[in-house]
Amino acid sequence: MILGTVKSTVVSTRKMPNLVGYKLLLIEPVYGNINQLIVAGDSIGAGIGEMVLVTTDTTTQYAIDRQAPIDAFIVGIVDAPPVEGK
Amino acid sequence: MILGTVKSTVVSTRKMPNLVGYKLLLIEPVYGNINQLIVAGDSIGAGIGEMVLVTTDTTTQYAIDRQAPIDAFIVGIVDAPPVEGK
Amino acid sequence: MILGTVKSTVVSTRKMPNLVGYKLLLIEPVYGNINQLIVAGDSIGAGIGEMVLVTTDTTTQYAIDRQAPIDAFIVGIVDAPPVEGK
Amino acid sequence: MILGTVKSTVVSTRKMPNLVGYKLLLIEPVYGNINQLIVAGDSIGAGIGEMVLVTTDTTTQYAIDRQAPIDAFIVGIVDAPPVEGK
Amino acid sequence: MILGTVKSTVVSTRKMPNLVGYKLLLIEPVYGNINQLIVAGDSIGAGIGEMVLVTTDTTTQYAIDRQAPIDAFIVGIVDAPPVEGK
């Protein structure tokens, strides 16, 4: 998974029917190329500025109730930024 | 998913039979390396210049009716570019 | 999918039995890091210098008759390089 | 798989129910962009500073007992850093 | 698939039970970022210095007899480095 920070919501009115009901959030990676923002689905209720754990690829399907064309999904909200060695 | 802008159509006459019927669009990523354009299938009717949401990998299969060798598919058209903090 | 140009054939005599019968082609990406060449399976008959459409990952399995350990496969030959705005 | 070094634990109280029970560890890649840290699940008991082998993508599911939205998982602890030619 | 050169073996005593029996090899990519070495499973018997064809992702499962958490696997040994135009 990657660690990311929620930057904003993404609104799409014309979308696939099986995407309806998921909040879509723009995520800035904490590590690596921070300019490479991605869009992840959310059902936990992550808020702007929160640090989240995002899983990608087909493993997203184990985070949702019905199959959907979503390749990134928030699976957890991180309590505090990790501290090296702890 | 990634956010991208539709740049042009991609025409392929000699292609796999199970690709027939899908519009293929060249997509420029909004974030990250914008030179790394990809080709995505489309069934929503995205137009040149529109900002779209693209899912990748095997999750594309949940956006189409029958299985096909397509690793990127447009799943939504974004209403407006996301604004940080909103 | 990515757009790529066929550069050469890749010959492997000692290989997995379920790879036998597929032509293996070295592909140079048209966009992004053009030094990051990949090897894709081919059953359409793409020739050296042709621009092709390559799907990756497990979606390759929908381009072949029997399952095989191939993570990139040519799914179409592009008629002409895409022109922005068309 | 990639080789990585365990840097710290990642704590997430609000997370998907099927993530409960897995230790989440922050991993620094040994090769490539070492700033691109990822979070991997662990059930072997890897410790801070140990060099581990991480598998990604849906192949993680073969390392766990029940399906879960985890795209990186520790599958081995490396005895010693690999030495070229051996 | 990617082309890579076998650099060394990777030894892991504490590992997932379903990884036992596969040789693990450190692979240097021939193209792209050659510093981004990966670890691939091998059952063909590739030797140090040989150029190999590596498949990634879940497609590795079609190269092995039983499912295992391995996201890169050697599927062929290349006869000779590819020559452009041939």
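Here the chain labels run A, B, C, D and E in written order, and each chain numbers its own residues starting at 1.
Criterion: a contact is a pair of C-beta atoms (placed from the backbone, for glycine too) under 8 Å apart; a residue touches a chain by one contact, two chains touch by 3 or more.
This structure is a prediction, so every number in the text was calculated from the model and none was measured.
Here the spacing of chain D and chain E, counted between their Cα centres, is 19 Å. Separation between the centroids of chain A and chain C, computed from CA atoms only, is 31 Å. Taken residue by residue, chain B touches two or more other chains at 33, 57-58, 60-61, whereas all remaining positions touch fewer.
Chain contact topology: the protein chains form a single closed ring, every chain touching exactly two others.
Chain order round the ring, anchored at chain A and oriented towards chain D, is A, D, E, C, B. The residues of chain D lying in touch with chain A in their complex are 7-16, 18-19, 24, 26, 33, 35-40, 48, 57-58, 60-61, 67-72.
Within the complex formed with chain C, the residues of chain E that make contact are 1-3, 30-33, 44, 53, 55-63, 73, 75-80, 82-86.
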